Amino acid sequence: MQFASDNSSGAAPEIMAALSAINEGYAPSYGADGAMDRVRRLSREIFEAPEAEVYLVNNGTTANALSLATYCPPWGAVYCHEAAHVEVDECGAPEFYIGGGKLVKVRGEDGKMTPETLRRAIEATPQGFVHATQRGAVTLTNVTEAGTVYSVDEMTALCAVAKSYGLPVHLDGARFANALVAADASPADMSWRAGIDILSLGGTKNGCMGVEAVVLFDPSKAWEFELRRKRGGHLFSKHRYLSAQMEAYLTDGLWLKLAAIANARAERLADGIAAFRSAAFLHPRDANMIFAALPRRLHRTLHEAGARYHLWPHAAMLDGPEDDPVGARFVCSWSTTEGDVDAFLAFIRDRD
Amino acid sequence: MQFASDNSSGAAPEIMAALSAINEGYAPSYGADGAMDRVRRLSREIFEAPEAEVYLVNNGTTANALSLATYCPPWGAVYCHEAAHVEVDECGAPEFYIGGGKLVKVRGEDGKMTPETLRRAIEATPQGFVHATQRGAVTLTNVTEAGTVYSVDEMTALCAVAKSYGLPVHLDGARFANALVAADASPADMSWRAGIDILSLGGTKNGCMGVEAVVLFDPSKAWEFELRRKRGGHLFSKHRYLSAQMEAYLTDGLWLKLAAIANARAERLADGIAAFRSAAFLHPRDANMIFAALPRRLHRTLHEAGARYHLWPHAAMLDGPEDDPVGARFVCSWSTTEGDVDAFLAFIRDRD
Amino acid sequence: MQFASDNSSGAAPEIMAALSAINEGYAPSYGADGAMDRVRRLSREIFEAPEAEVYLVNNGTTANALSLATYCPPWGAVYCHEAAHVEVDECGAPEFYIGGGKLVKVRGEDGKMTPETLRRAIEATPQGFVHATQRGAVTLTNVTEAGTVYSVDEMTALCAVAKSYGLPVHLDGARFANALVAADASPADMSWRAGIDILSLGGTKNGCMGVEAVVLFDPSKAWEFELRRKRGGHLFSKHRYLSAQMEAYLTDGLWLKLAAIANARAERLADGIAAFRSAAFLHPRDANMIFAALPRRLHRTLHEAGARYHLWPHAAMLDGPEDDPVGARFVCSWSTTEGDVDAFLAFIRDRD
Amino acid sequence: MQFASDNSSGAAPEIMAALSAINEGYAPSYGADGAMDRVRRLSREIFEAPEAEVYLVNNGTTANALSLATYCPPWGAVYCHEAAHVEVDECGAPEFYIGGGKLVKVRGEDGKMTPETLRRAIEATPQGFVHATQRGAVTLTNVTEAGTVYSVDEMTALCAVAKSYGLPVHLDGARFANALVAADASPADMSWRAGIDILSLGGTKNGCMGVEAVVLFDPSKAWEFELRRKRGGHLFSKHRYLSAQMEAYLTDGLWLKLAAIANARAERLADGIAAFRSAAFLHPRDANMIFAALPRRLHRTLHEAGARYHLWPHAAMLDGPEDDPVGARFVCSWSTTEGDVDAFLAFIRDRD
């Protein structure tokens, strides 16, 4: 009963095999390895973006912070959803990398900004007024932190708002593959064609050991990005191990296959939960995360039985009246089996 | 003929095995994995430092920059050897993490500061004078960038100078295992007993895939370090893969065995080079790196034959008179075989 | 009809005289002048704080940003009212000086936090959770940005909340003298006795040419503050001109006399406005600022007649239906005369 | 006997008069005052640069740090003379404002870089090598810290070196007027025509109370500069008092007249010192500063008699053998009289 995070899962067999294979012999360090060339080629193909530049880093916080610092000046406001990872979960990494920027929270149901809430937030930053933080950049997240998925149309509409103010747009795609599968969209449609300038493309949560790609659709920013990456301590010496993971991940659609499994398991789980009397969804399920409330007593029983998942939005809500509904997040990954889901559902069903 | 860097080598079989083993099942993320507990225990034992705190990061630049930022305020001067990695090879990462600090170059032959050059540099920073950068911290490197090794006595003497000014001392131990083996010293003697407050303990160059430990001998700095690590984007989500590497590395003296191989190979190589008419050493060889000058024509021939190593101190010195001596750095690693060394020596011998 | 800001007023005659007097002969630079000694002595007396340290800077943004940077680490959250100058009007200076901190907006009517809204904001920052920004410091503003004044009791209650979480408290006292006069409180009661650790004490808006004091009630932070001031470019070379202003300002209660004039003029203005049919106050008037709505047509007429004040909360609201109420801020200063107020009131009365 | 610094002098009568005059009535704050318009007009005329933008700040450290931050990215190296104010006397302000940059020291006799030493320093920064700090900007100082003056030709030659590497050039002109007078050069020839992109134009040391101008010859950088100024806390609210000083300073050549006096006094002083048996110049005198060695006993006697000047390069060199030569810096200002100089010379002559 392991639904804590897709970060708790291991690496997929294809990734492990690639690491073993790349381990033979000597390889140039710091990204000059052949596998990185292949990652570059693959990414350009997959994104239908022959000019795009791609860099690998070790985690999502890094990918986001470096991307925002590349596109937002120190005096810039970054518009993000109020629940965004950059705002809530990165201990100020964006502000640190930007050099003292300000994150401006945009509201919206189910983890999504709307063109209206985004526009209102941008308008609230006075333009060309030297006393205020300036308009800097917009960052979206897909899959959102509420587990929902922006459609290509929704992303395009949000990017259009940003562009109407001349603002660049970053996409936090820690679960980009899950979003693609959920929306049945092409990588290009869900990124640069929608208006995304720079993408954090997650690998770690979806079957890699620890690698994220940053895709710059505007190659003129590439050298600055490289310097920021190095300066942040994020240029791997034995880079081939990052390259190998990402190469395997992008080869033959492995990333989409893994994401499809995760999404399918979450669907199965959601269908099961929907049948419970005592359960209620907090957000629609679009991809591999489910947010649902269960009676507190059920959480306690699950907890004692060793189930692993996060109460939501806060941990430590186990204390209180027995029957009160308490929110929780359940995440499926590439390694979640149908059996895992069914066992979990059976456990709850018996106590519903 | 692969002597470019210990970064060009792969990961040792024990490390790969540990990664495979840890890959099974689910594990808490962000350092809460059981392997990290074992790394903590092992480190404390090995360093005879039951209070020490240990954190894992992905590379040496990070380990150094975070360590210095933890010990040096933004207005502080960091005293380092003029050839130190922090000064020369990190694109300003220390200055970035410190928040605008100043690196002050200390002179010294063969990559080593002396108590006199260090004292002179510190004295040149006016004390308590608000117009000047303040005295902040000292950072040593062992193995040095010239391939030499500070003895425990030398380190103790340098730390004593630092301490006489109330300054903390960081040790860049990217090749700490090689230094230990070369000096036949204990980890405690070459770190906290000598006066080191915080240590960057290298794993990557010595047979790991990509992991460095930072050992804080003063645990009161630990929480600040954790926040700096997170904020820098250096807290791994699937942390177990870092833990597993470091656990295997420190278990049963693997780290020392691998370093002993690298050092022995470099000794064999140095012995061979010493026999050449046309060669001259630039620095004494103490560990796994050799700095020697060879006639330019020999470099050219080696280059054409596919040999990999760095001309030193600059690349791109292949142009010029045939017979001029041109410096080079040759690095051996755990994966360098006696056969590799002998073949390389034979190649040169034929053309000496 | 000049009610734009107390920043638009000139310097009081006593300040100008002090500047002329201090101009004679030579004086040590960078704060070693005798007038600064007298400022120190005066401040300690006035604040009944014999250990306090005092530093002078050129403006309020600087005083605030340096104060917050001294008390809040780079990963810290600064809790401020959502309308606070640090959040709205400083172009990210606090974030810059702190090294990438995060300002967290606290709600509250009439420019005031309440213990409840403050507590709620602090509680929303998870404690000891490495992924989130940490609790850093609280900053209050008195006179608030809405022109209201916290009583000593209100300040004490807010500081008590901060202290219950171990958080230091800064007071933005750009209009501290006006607040003192309004609350009929002693400087000590409205600062350290209430729980304030560091105070930005405004001079510029209240009859000085350009000087603000920062009062550190904990002298152990003084040296760090001095370094931050120098490093920010805020240590004046010909410091005597700052000292002379502050000395004159604090001598014989000049600061309170000037503030009393400004507050009295605002009271007279408010009384007049209260009599208009078409006017409505947006906030209570406590000190020298009035926030009131007037019909748009009246603003237009005033504007054309050369009246100077800010529409509130935004400029550029002159377009729209004639009779709609449109907010405005009217600020009186030490140089506002009763005649100025009466003329303005008469102008409106004729058109009410 | 007041030769400590031009910072110890008061403000010239014209400056005081301008401050009194501007004090009447109300004025828009934050630089929107009419006097600032006149400063802009005057500056453009004087510099024959109709597009130039001009901003006022409170001191030289600020002018330098903001200028360098505007032209040098965080990962850039700033090439400066090893004795430059930015390196020695600003407590890391440039590194702070740049966001962690590195100052690279260029050697040269008498406070001057040469094209060769500058070129060598630039060449030592590897180009396009991601591991190293990148080439960022060059900063010159005129009058130099050794009291010498670069001729227009010398400046042009240094700028040409910078430009050959595509690097922008900043001029620290804290004593720009003294340099102009000494070199008998036009402001345009000694700035943009020589290749200067941005100039710190000193007022404080030369008869102002506290104001420096930053002149941007490339107006496309102006808005960024304004934001950096505001964010650094350097936008004055009652800006008219900065404007009035600078307006008076630049009107009718006051700045040059004051500098001519200071230079003439220093010449008179140098001529006197040259006649002493026991004195020796450390550097040629070109402007208003003299560096000379006198026997230690003479310094002691002068010190006891209340003379004020700095021993050089360090204070606190009064201890030691009586007759040893000890360096000192003597600075004349606009307020130094011939009588002051003669009295000082007479005092020494009697003891020579």
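Every chain is named by a letter (A, B, C and D) in the order it is written, and numbering of its residues begins at 1.
Here, a residue touches a chain if its C-beta (ideal position, glycine included) is under 8 Å from a C-beta of that chain, and two chains touch if they have at least 3 such contacts.
Quantities reported herein were computed from a predicted structural model and do not represent experimental measurements.
Interface matching across A-C, B-C or C-D places the copy of A-D, with more than half of contact pairs shared by residue number, at B-C.
For the interfaces A-B and B-D, the C-beta contact count is higher for A-B. One finds 34 Å separating the Cα centroids of subunit A and subunit B. Measuring from the averaged C-alpha position of subunit B to that of subunit D gives a distance of 42 Å.
Among all residues of subunit C, those that touch two or more other chains are 30, 74-75, 90-92, 96-97, 99-100, 130-131, 134, 227, 230-231, 235. Across the complex, subunit D is touched by residues 74-75, 88-92, 95-103, 126, 130-134, 314 of subunit B. Against subunit A, in their complex, subunit B makes its touches with residues 2, 4-5, 7-11, 16, 19-20, 23-30, 57-62, 65-66, 90-93, 96-97, 204-205, 209-210, 227, 230-238, 241, 308, 335. The residues of subunit A lying in touch with subunit D in their complex are 30, 73-75, 99-100, 130-131, 134, 224, 226-228, 230-231, 235.
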